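Here the structure comes first, spelled out in structure tokens, and everything after it is commentary.
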Amino acid sequence: MLERDGWLRDSFMKWQGAILLGLKWEQGIISMNMPRILAASTLALLMTSVAAPAMAQVVVTMNTVQIFGTIDPAKISDYTDYMAGVNLYDGLVSVDSSGSIIPELAESWTVSDDAKEVTYKIRDDATFADGSPVEASDVVYTVERLLRINQGPANLFADVLAPGSVVAVDAKTVKFTLSKTFAPFLTTVPAIFILNADVVKEHEGTDDAQEWLANNVAGAGAYSLKSWDRGSQMTITRNPDYYKGFTGKPIDEVRWIITNDEATVRSLAASGELTMSSQFQSPETYKALVDMGRFNLVTQDTATAFYLKLNTQIAPTDDIHIRKALALATDYQTIREVILPGGELSTPLPKVFAEFHAGDIPAPVYDLEAAKAEVALSKYAGQPIPITLGYVADTKFEEEISLLMQANLEQLGFVVTQKADPWNVITEIASKPETTPAVNQIFFGPTYPSPDSMFFTQYSSKAAGTWSSMEWVNDPEIDQLIEDARGTGDVAKQAEIYKTLQHKLVDLQPDVFLQTQTVQHAMDKCLTGFEAVPMQSFDYDFTRYQWTC
Amino acid sequence: MTEIPADNSPRRLSNAYQNWYRFSRNPTAVIGAAIVVIVILAAILAPWITPYPEHVGAVVNFRARHLPPSAEYWFGTDNVGRDIFTRTIFGLRISLLLALVVLGTAVPVGTVLGLLAGYFGGWVEIVIMRITDIALAIPPLVMALAVAAVLSPDLINSMLAIAALWWTWHTRLIYSITRQIRTQEFIEAAETLGASKFHILIREILPNCVSALAVKTSLDCGFVILVGASLSFLGLGIQPPTPDLGTMVASGSAFLPDSWWESVLPGCAILVVALGFNLLGDGLRDLFDVQEVR
Amino acid sequence: MSQALLSVDNLSVDFSTYGQTHHVLKNVSLDVPARSQIALVGESGSGKTVTMKAIMGLLRQPPATIAGGRIFYDGRDLLTLPDKERLKLRGTAMSMVFQDPMSSLNPVFTIADQMTTILKYADRRLDRQRNGRDRLARVHEVLTQVRMRDPERVARSYPIMLSGGMRQRVLIAMALLSEPKLLIADEPGTALDVTTQAQILKLLKDLVEARGLALLMITHNLGVVRETSSYVYVMNKGQVVEHRPTAELFAAPREDYTKALIAAVPRLTGGTRFGTAEVAP
Amino acid sequence: MEFLAFLVRRVLWSLLVLVGLSIVIFAIARIVPGDPARMALGPTATAEQVADLRADLGLDRPIVEQYGRFIAGLARGDLGRSLLNERPVASDIRDTFAATFELVLFTIMLAFAFGVPLGVAAARWKDRWPDNLVRVFAIFCAVTPGFFLALLLQILAGYVLHILPTTGRLPPSMDFAADITGLVTIDGLLRGRLDVVLEGLRYLLLPSIALAAATMGQIARITRSSMIDVASQDYIEASRAFGVPERVRVFKYMLRPSFVPPLTIMGLEFASLIGNAFVVELVFAWPGMAAYGIRTILQKDLNAIMGVVMVSGVFFVLVNLLIDVLVGFVDPRVRIRGRRA
């Protein structure tokens, strides 16, 4: 233990001597040959993979950057949760890439004139994964449980559904009665994944089967859970008896590998394990994957918008001129072309919502001189202006955008502090205006395919205090417009209101409208079927995918 | 006791000379010391010796991103086009600061507790040494992560967390030396002559620990820097754009293997710094013939 | 001269360290006839230990080199003997009793383990056929010979479980394992208290006499010389300065060095007049 | 019997360390600024919900009672529920610990398998070129940051040479659940799946090399100096004089007593080994407890953090107990005197 000799002392002096002596190795203490041969052959064995690549089944391996939080339909809330949910469960209806509501368990539905009553007719052949039929009572049980637990998608229905407002008219007919007119209601229904009430009740326990459903599935989805290692992977397999059946060559098994490490993704791709990348890889990774020859880069515009959310309650972004200056000091082109590919965003609402989008508003421009002029108009003119730029830690492009903003803002006399926080910390600091940074890079996509999702969640004072409303707009006029749009079933009237809203918000400039998100996936050339859907991660419903080889 | 004057100084002088002579004939120590001196000077003089001192701040030059090492950019450029050499040299500052803060806290605390435990024995010893046993069971990196997580993830908290565990090694070291010395004759002599406990601890025992402390501290500098780099690699470093070696390795690793220089070269810088302190420590160990320090 | 069991003839040994050569042994000659008890006396650094190591073939070369001379054992020159032949003698025909009972036994193996291992390789060198059980029996036998009361228990013990005197006896037993003809004893018992040392020396003397062994006693202690030997060689600075029958030497030492040694012997209060004697580097 | 007493003392001692550790961890957990309940429920929760959860978690009780509950939970193997996903922390740690254990086990085996022979070779050819080579190698091992070595290995073996997998524990396409011991290689053997064993070893190789380097360097250094120390002992010279061959002297008489210092060092360094595992698991996407720890720490999942630190500490204490037994086995002086030399 006591290292008393100078253990490197002489090595350098003796080094030269050893080389001069011709590196003569004294006779070995033991014969080295046998162990050496053994070691060499063991090493050789280790170097060769024994994994057999051939497989009769179609298996899609995809990486995802976040862990699956939960698979309980009453709790799933984020993008990654829905990725699993949409495959493991079916809803009454679903959403297609245009944002239209399409039948799933329900074959048809009717809406009353005042839009307060919606009745769904369930398919006769609809069955759960265990073969039992899907009935209206299952829907009632699912909604009641959702409202009881009051987490996840429940917030979509907080004001419109109460216990007892969903009733089974007959075995295959279920009626929703809303407590008030809520125009976007139909578009929120896909978020309700129907539970197999009989199975769940068996495991109800004292906690509404929360513990059981955290690890088990009782639904009508096309896939069932095969294995789930919380930190590293989830695997689902196809239910051959899925009531809707499959066409073409369906995906038999989907494996999600959880990693946000670019190097990992590349090595998975290089070893042939990866079929499809997540949408969050770096440009370098996409390029590397495409260069391998096996992958196509599939690029699509989405309804998700990327904003710099400006906290309108704290200095210096409480000043409209500072906010305008920030918008003018943003180098949209560099961001779009070099840092993160994206589409043009000119108002809070992406162009995907074509009927509702205010096309007359021009795209924002990058003009440092004009920005200087705006700063001069502000109450902070003529002094160093401290400002905090917040972004999600470990997100390469956000760090780059933040640095780009800092470089530009320093020319305008801002004193910039960068604040990189992990996502859960951001959700925490977003709960109070004082802790919300002045500038925040936030993606926001519709959680249901209606403009209401974009406006209400981000700008209504009723939805204040979350990461999606870091602007703290709190403007009665805007609140009113959002309510007005909700209260009318007339689409033309809604469009009118939404366009007015967009003008007001652009004038108010609570955000820098950076761009719409373009999703990119590196997909195996044999895999088709990805179509961006303007609701959560419904675009990873693998019944929509095909294997073409 | 009164001091014995004069007689000491010529001997000290020749001691110093002798030490220097032995030091200069010890290649390990010399190479280590050279690295350490160069690193410290580079960190201090960074603004004057680096080609692009402005690149420590928010400079973006997307046309020059991911450039390989060249005459213009010795270590290449990073993902926003900043000079990695400049940022590496500046990054040394954070590493050295970390070592300074951690050891500046841990060494005095550890030394005092080690002296007390070793000299007084009894309950003092039991309490102090048992605490070190507990602290030894927690990996410093994990502790730093946990503390940083419950407070807020920044370098200061991490430093404090590391310091809160690091003193134990110094306590153990000083404790074992003190235990050995305590029974020696010159201590007994001093006690018999009525010297105060304070005097004995500070003037008789402490000087005998100095060489071991120097060795240990030098070795530890290297290891603290490694732990600090690991922390910033895990995302608990300093906020950008301030350069930090561990953070640079982490962010550069996203561009492996094509832009290997973005993580490999800052990583080599960490290695060199740690190597320097280790060689120096090893050299000092030979010089002082300190056996207690591994 | 060739009649002697062991005969060292004009042996010179050099040590080279850091480019310098020291003549450690200069033309040392000594004879150990069969069944005789000879002493080699000198203070530390006088060269007696090097002489002993040279005889046993334990010198590390480098740094040591044999610069000249011959060592005969039973008429064969050990220095020209092939390694294999020489190994057959070491620890078997000529064996050693080590000085420090505390450090000369491996602390992590039992006595039986250490002794049977020695015996095993001695057997192998001498092409003796013997199985493990027989070896252990031999170990017990030898331990009995050194007057151990409970040889089985001693054999099972680790060194730490035995007293200093017992360990010293184990060391003697080790030397006797292969029934040597020549025993070289390196200051046995110096590390023990006086009474125990006396017992050990008595034991050694009895054993040697009973089995007709030749003994070369290496020591710095003339008291030991007087007790154990009939003829004595005095060494100083790598040379034999005087050699005579023991009784004669004590009666009328010739060399000043020997006189000084004798004068230094029986001081019970410790300390010698001999502290100024020069010590070779 | 002395040894038994020694072990009993060590066990009691370890328990005391664990109690101390639990106090430290509990203290850390309670200095959190802000309300764990609020953090868990998120910003949209009502004050009422927060109060409910506080009561649920016992946060409204006196601090001593909270500690008592914590300890009682620990004794039952209950580490509370994750504040984020409400799963029991203990089961999450159990799921991930096996992977970490396998990695650490393999790492220690590697470190000894290479460190000890290197140290022996260096001591055998002291001051000659093998010695110098080993010493330079060892110091580089000791000063290379674990994460950096991990990255270098990943580039080299994964991208440049394309010979070894760089992420995960088994190929995703391989159907295998390690459900006996949790260790892929062992379970593979038990189930007679040689392909799994081989793949498991291939996946283990890079992470364990990255993790083993520092420890291996230390072991080589310590083995070397302790071999040199032992070589100069009288008993080695004595065995030489009695004609015991060098092979036996080096590998039996010298190696065994030389084994104690590296073992002791292993025990002391084990904490930093676990610390390094956090980084290495992250780089190689190894689904272990360390990776879980990083994740929960970044997400401020308080119960999970406490659980991970506690389990790391327990792991450390157990390994040190095991090392005490091993040292006693190797060195009878410890066994007989009942304390370490």
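In this document, chain identifiers A, B, C and D correspond to the written order of the chains, with residue numbering beginning at 1 in each.
In this section, a contact is a pair of C-beta atoms (placed from the backbone, for glycine too) under 8 Å apart; a residue touches a chain by one contact, two chains touch by 3 or more.
Note that this is a predicted model, so its numbers are computed, not measured.
**Q** Which chain has its C-alpha centre closest to the mean of all protein C-alpha atoms shown?
**A** Located nearest the centre of all protein C-alpha atoms is chain D.
**Q** Report which of A-D and A-B is connected by more C-beta pairs in contact.
**A** More contacting C-beta pairs are found at A-D.
**Q** Based on mean C-alpha positions, I'd like to know which chain lies farthest from chain C.
**A** A
**Q** How many angstrom between the C-alpha centroids of chain C and chain A?
**A** That gives a centre separation of 85 Å.
**Q** Once you find the CA centre of chain B and the CA centre of chain C, what distance in Å lies between them?
**A** Chain centres of chain B and chain C, defined by C-alpha means, are spaced 53 Å apart.
**Q** Suppose each chain is reduced to the average of its Cα coordinates; what separation in Å results between chain A and chain D?
**A** Computed from C-alpha means, the inter-chain centre distance equals 36 Å.
**Q** Take the average of all CA coordinates in chain A, do the same for chain B, and state the distance between these two points in whole angstrom.
**A** 43
**Q** If a residue has to touch 2 or more other chains to count, which residues of chain B qualify?
**A** 153, 235, 253, 256, 279, 282, 294
**Q** Could you list which residues of chain D touch at least two other chains?
**A** Residue numbers touching two or more other chains: 139, 154, 159, 222, 265, 283, 298, 300.
**Q** Indicate the residues of chain A shared as contacts by at least two other chains.
**A** 1-5, 7-8, 11, 261, 263, 422
**Q** Just spell out which pairs of chains touch, all of them.
**A** Every pair of chains meeting the touch criterion: A-B, A-D, B-D, C-D.
**Q** Going by the contact rule set out above, which residues of chain D touch chain A in the complex?
**A** Touch residues, chain D against chain A: 34, 39, 42-44, 84-87, 92, 95-96, 124-125, 127-132, 135-136, 138-139, 154, 158-159, 162-169, 171-174, 177, 195, 198-199, 201-202, 205, 221-222, 224-226, 228-229, 246-247, 250-251, 261, 264-265, 283, 285, 287, 291-292, 295, 298-300.
**Q** Which residues of chain B touch chain A once you look at their complex with the stated criterion?
**A** 26-28, 31, 57-60, 62, 65, 79-80, 153, 235, 239-241, 251, 253-256, 258-259, 279, 282-283, 285-286, 289, 291-294
**Q** Would you tell me which residues of chain D are touching chain C in their complex?
**A** Touch list, chain D to chain C: 233-245, 248, 252-253, 256-257, 330-333, 336-337.
**Q** Where on chain C is chain D touching in the complex?
**A** 56, 58, 87, 90-92, 95-96, 98-100, 103-109, 114, 117-118, 121-122, 125, 158, 160-161, 171, 174, 177
**Q** Can you name the residues of chain B that touch chain D in the complex?
**A** 130-131, 133-143, 145-151, 153, 222, 226-227, 229-230, 233-235, 246, 249-250, 253, 256-257, 260, 263-264, 267, 270-271, 274-275, 278-279, 282, 294
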